[in-house]
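One chain, chain A, appears in both complexes that follow, with chain B as partner in the first and chain C in the second.
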Partner chain A sequence: MPEGILCNKTPVDTVEQLQALLADKSGKQYYEEMKLLDVDTPALWATIQKSLKSRLRTWLEICARCGMCADSCFFYLANDRDPTQVPSYKIQSTLGDMVRRKGKVDNAFMHYAMDTAWSRCTCCNRCGMYCPFGIDMGVMFSYLRGLLFSQGFVPWELKIGSGMHRIYRAQMDVTTDDWVETCGWMCEEYEEDWPGLEFPVDKPNADIIYTVNAREVKHYPEDLAEAAILFHLAGENWTVPSEGWEETSLAMFAGDWVGCKKQVESVYAAMERLKPKRMVVTECGHAYRATVIEGPYWAGLKTGQTPVESFHYVEWVAEALRTGKLKIDPAKRIKEPVTYQDSCNYIRNAGLRECAREIMSYIAEDFREMRPCGEHNFCCGGGGGLNGIGRYREQRNVGLKVKRDQILATGAKLVVSPCHNCWDAIRDLEEIYHIGIRWSFLKPLLLKMVIVPEHLRPEE
Partner chain B sequence: MYEFVTGPLAWIAFSVFFFGLIWRFVWYIRGLNWQLDRVSYGHHTGYGVKGAARSIVSWLIPYGTHSWRFYSGFTLLVFVFHIGIIITPIFLLGHNLLLEERWGFRLPALPDPVADTLTVAMMIAALFIMLRRIALPEVRILTTFYDIALLLIVVTPFFTGFLAYHQIGDYSFWLIAHILSGEIMLIAVPLTKLSHALLFFLSRAQIGMDYGIKRGGMKSQGLPW
Partner chain C sequence: MPTVEFSGKSFSVDEDGFIDDYKNWSEEWVQYVKAQEGIDELNDEHKKVIEVLREYYEKNGIAPMVRVLSKVTGFKLKHIYELFPSGPGKGACKMAGLPKPTGCV
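And then the complex of A and B:
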């Protein structure tokens, strides 16, 4: 059975494999090879028989074909109500057919399934809220991604992404040294303005172990500094681990469940090693979903809980504002209309809606909800890995229209977006549609309006 | 013929119905897997039960969820259709007289005009559900012959029963057609996706536990369905 040099069924586990993939610009050769990639149908069927249990089989079987999921899907709405974008159709024509054919599918089918699984679904799970039977097509697409990954039908960027996790335990090639150096560098950079600022690495028994998104280390190190300053101002006893600091999981977007397990185990090992009281993760939606919500199951933790209690950044901010650890200068609150992008991964799929509202009540004078909002909010348009896949840029851009119109309807020009994926999608939608908005994480906004206690101010 | 459809065939139909549903129940529960489903069913039981209950109850109440309210017209059809299917045969006077004669007990009976109204309303709802399938592109694309066949299987006992009761046409023909089609329906319930009669509750309980235990139930009031 022909397998490509770059596009094949073998996951990326070595630096050499990774570099070969990276050298293939935009995955040109990779996708050419994919056109010839054989489907190992016996293996596919064996995997399905082993892992497709009563929950998913029931979902596929009892779907009433009523179409009540149609309007729940932002792709359906953004594509002028194209019937082929109805979630039920998308999953039945991919996973459904694959199961009905007992895995006997060809290369063209796998291409169709891949394109559908990654460019027509962001696994936002909104459809599951609108189905009378509770059929969650986001969950099924995630499962389908796993099957596709095992057969080598995965977008180029995500094959690379999952390889990064397997090799570096991070979504980017950031080594332990790079990470620890960046922490030190950020501390030096800012300690003059913030006397006593620390960036403690591997401090045992801290109250908080802080974990991040590798992008922050590689591209936005000031985000790390802002987090450190806010912890400093709040008087927190915190630390970061030298290893196991990365919470994100492109492996989850790729459907690489082995990679997912390796990644979260590195974080859990840091918890076990440093014995913090709790863990706080940066402003990233899927990182929280991967490490806190899904991760315990990948790692085989039967309670479904992380080794220490884990919190999203919005939970920590809400608590800090509530308890007065951070105090907002009333004169500096946001005066202009401002809206909030509810991330699917920590709002719909983790129940943190009220934390977001609580924060906004402290920092904004004219907070405007999107409609719908909270658990019912639409995906930003770039979730589930879609933002990062070049092959599907156009489909992503069309999908952004729903978020664009939601934001426009609020009248707000500032969008608070404590999620890397949402932040990117909103940035891109401004670049494409020019609606004149700004977007921000919480940290820079908080730093502008927080009251600095007397003893922490720099000497004049 | 009458002896056959009310005798051995009735036994077969009811056996398939009850044992089939028991088998479905056991198969579903046994197939749940905490690690593959990524829901720790055996832990945090209170949150699981609460999530399951909210998930079922919200969806049993007409207009009780965002989705029911969003599709308000279709929701009306769905509830009229299902209430007709469940209430009418169980509380029909004729059925209960039969029950008393054969088994020595009966349930309270609906007044005939109410049973008639429920039956006619159910059939009208079924007609509109069928028309909707054909008319709306987003539903048409999902529709297969199987969906239409199942709708016919469900409507036929009501249609034939209505004709038989009102003695429209050949009574004995419609009566046997009614019994036979009712038995076909009973057999179809566990063997087809009509099994949602049971699986609705199991599937809703499962997703409710998923949200209750894992996806936010411990950190919020629960998902606002």
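And then the complex of A and C:
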């Protein structure tokens, strides 16, 4: 049973394993080893028997192959209605066949299943809204990813990502000290412009515990500063935890079920330890999905809820504008046409459509909806981990055409995108197709138009 | 693997346009990325950032946090963005010949 040095069935749990993978630029050796990786079919079948529950079994059996899901999938539309891109075909030819063959599949099958699970589905869950039976291929592909991960058939970047979570409880190599130091540093850099600015760490019983995406700490710390400034202006009693601050989950994208559980438990432990009234997560879609929607089940919480009530950043912004905690200077509202990218993970999966519209009504004078929009919106084109997988860049570029055309049809040159994944996908879309657009999170836009109370202004 | 030609040199790049092998980095690569990133003129501060990134990568096999970059160079965050408008994680790493950082970047 050949197991590679880098590509194997063992998850990454040590810094040494992680460094070996990182040193293999673009996973060249990793993917060569994958070509020889055996499938442990008895173990695969045992996992399926143990974990394939009645809902998924029923879905696989009752799918009528009616094709109603076809037009719901942006990959199908972007690939000239290629029949092999029909969601039901994609799941039946992978998970369906794997189950029907009782796990007796070979290396070539696993390669096909991996390429399909990560480059032909972003787990956006749109198909589930159009299937007459409510079959959700996104849910099934997430499950299939777990089976593939257990056998070592997972894209190189996501093996690294899940390993990061296991080692650092963050998707990047950011330690507790790194994180706390970065918070202090952001305070230092911005307090001149924002007197009294604080970045409270581990404050018990705060009204809000704020959690983030590790990339903000590692590569984009200004995002942290902007969040702190807006909480400061709104007069919030808030804090961040020194541990359990990372809400994202590349482990979820990788199908690393053990890693998923470890990650969310660190966030829940911070909630239990600091006892805040509620949790607010940064402008990230999958972080919210992982920690607020899926996480309680991974952690085995019987309530199906996070230990304290949890909110996406757009919910906090909508509330702050509605209650007047943040006030917009009418003269500074966005005048140009502007559109909004609905993130699958908190609009479709958590019903936050109206929060987004409410925010736009405060900040924009010419808001233009994409069509379709809200819970019917198409995935940005980079969800489910696809943004970060080099092996599938070409397929991603093709898929991005759907979002490109949606944006172009609005006539807007500015896209508000309160989700890191969507933000990246739209940036890459512009890099490839040059349609002349700009994109932004909410925080920098709000900072340009919010009225600063007199007592918080810097002295002249 | 795609290649790019610049100033008589040929570079293999990955699917995101990052240099394929850290060891193939050269002054011509820096000039190539400079044009791509819309940077008018490279000064000693750009060079300092590149030097720090490369030193850190050689030692640790991964790009540093912005905090580390700021501490070692003594540059404020805003200034790093003035030097590399597409950000330290993307433009600066690309110019320094580091691989594209993994994860959500």
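Just so it is clear, the second predicted complex is superposed on the first by the 460 of 460 C-alpha atoms of A that agree within 3 Å, B and C clash if a C-alpha of one lies under 4 Å from a C-alpha of the other, contacts with A are read in each partner's own complex, and residues count from 1 in each chain.
Methods note: a contact is a pair of C-beta atoms (placed from the backbone, for glycine too) under 8 Å apart; a residue touches a chain by one contact, two chains touch by 3 or more.
These figures come from a predicted structure and were not determined experimentally.
Student: In the superposed arrangement, which partner chain does A:100 touch: chain B (first), chain C (second), both, or neither?
Tutor: A:100 sits against neither chain B nor chain C.
Student: I'd like to know which partner A:420 touches here: chain B for first, chain C for second, both or neither.
Tutor: Once the two structures are laid over each other on A, A:420 reaches chain C alone.
Student: Now for A:387: first (chain B), second (chain C), both, or neither, which partner does it touch?
Tutor: Second partner only, chain C.
Student: Figure out whether A:133 sits in contact with chain B (first) or chain C (second), or with both, or with neither.
Tutor: Touch partner of A:133: chain B, not chain C.
Student: Is A:354 touching anything from chain B or chain C once the two structures are fitted on A? First, second, both or neither.
Tutor: first
Student: Of chain B and chain C, which one contacts the greater number of residues in chain A?
Tutor: Comparing touch counts on chain A for chain B and chain C gives B.
Student: Have a look at where A:448 lands relative to chain B and chain C in the superposition and call it first, second, both or neither.
Tutor: A:448: touches no partner chain.
Student: Taking the contacts chain A makes with chain B in one complex and with chain C in the other, which residues are shared?
Tutor: In chain A, nothing is touched by chain B and also by chain C.
Student: For chain C, which residues count as touching chain A in their complex?
Tutor: 14-16, 20-22, 61-62, 65-67, 70, 76-78, 81, 87-89, 99-105
Student: Within their complex, state which residues of chain A touch chain B.
Tutor: Touching chain B from chain A are residues 51, 53-55, 57-59, 61-68, 70-72, 76, 81, 83-84, 86, 88-89, 92, 128-136, 293-294, 296-297, 300, 302-305, 315, 348-354, 372, 374-376.
Student: Under the touch definition given earlier, write down the residues of chain B that touch chain A in their complex.
Tutor: Per the touch definition, chain B meets chain A at residues 27-40, 42-44, 55, 59, 66-68, 70-71, 74, 78, 133, 136-144, 147, 193, 195-196, 199-200, 202-204, 206-208, 210, 213-220, 223-225.
Student: Once bound in the complex, which stretches of chain A touch chain C?
Tutor: 19, 22-23, 25-26, 157, 160-161, 164, 171-174, 178, 181-182, 185-186, 189, 213-215, 217-222, 248, 250, 387-388, 390-391, 393-394, 420-421, 424
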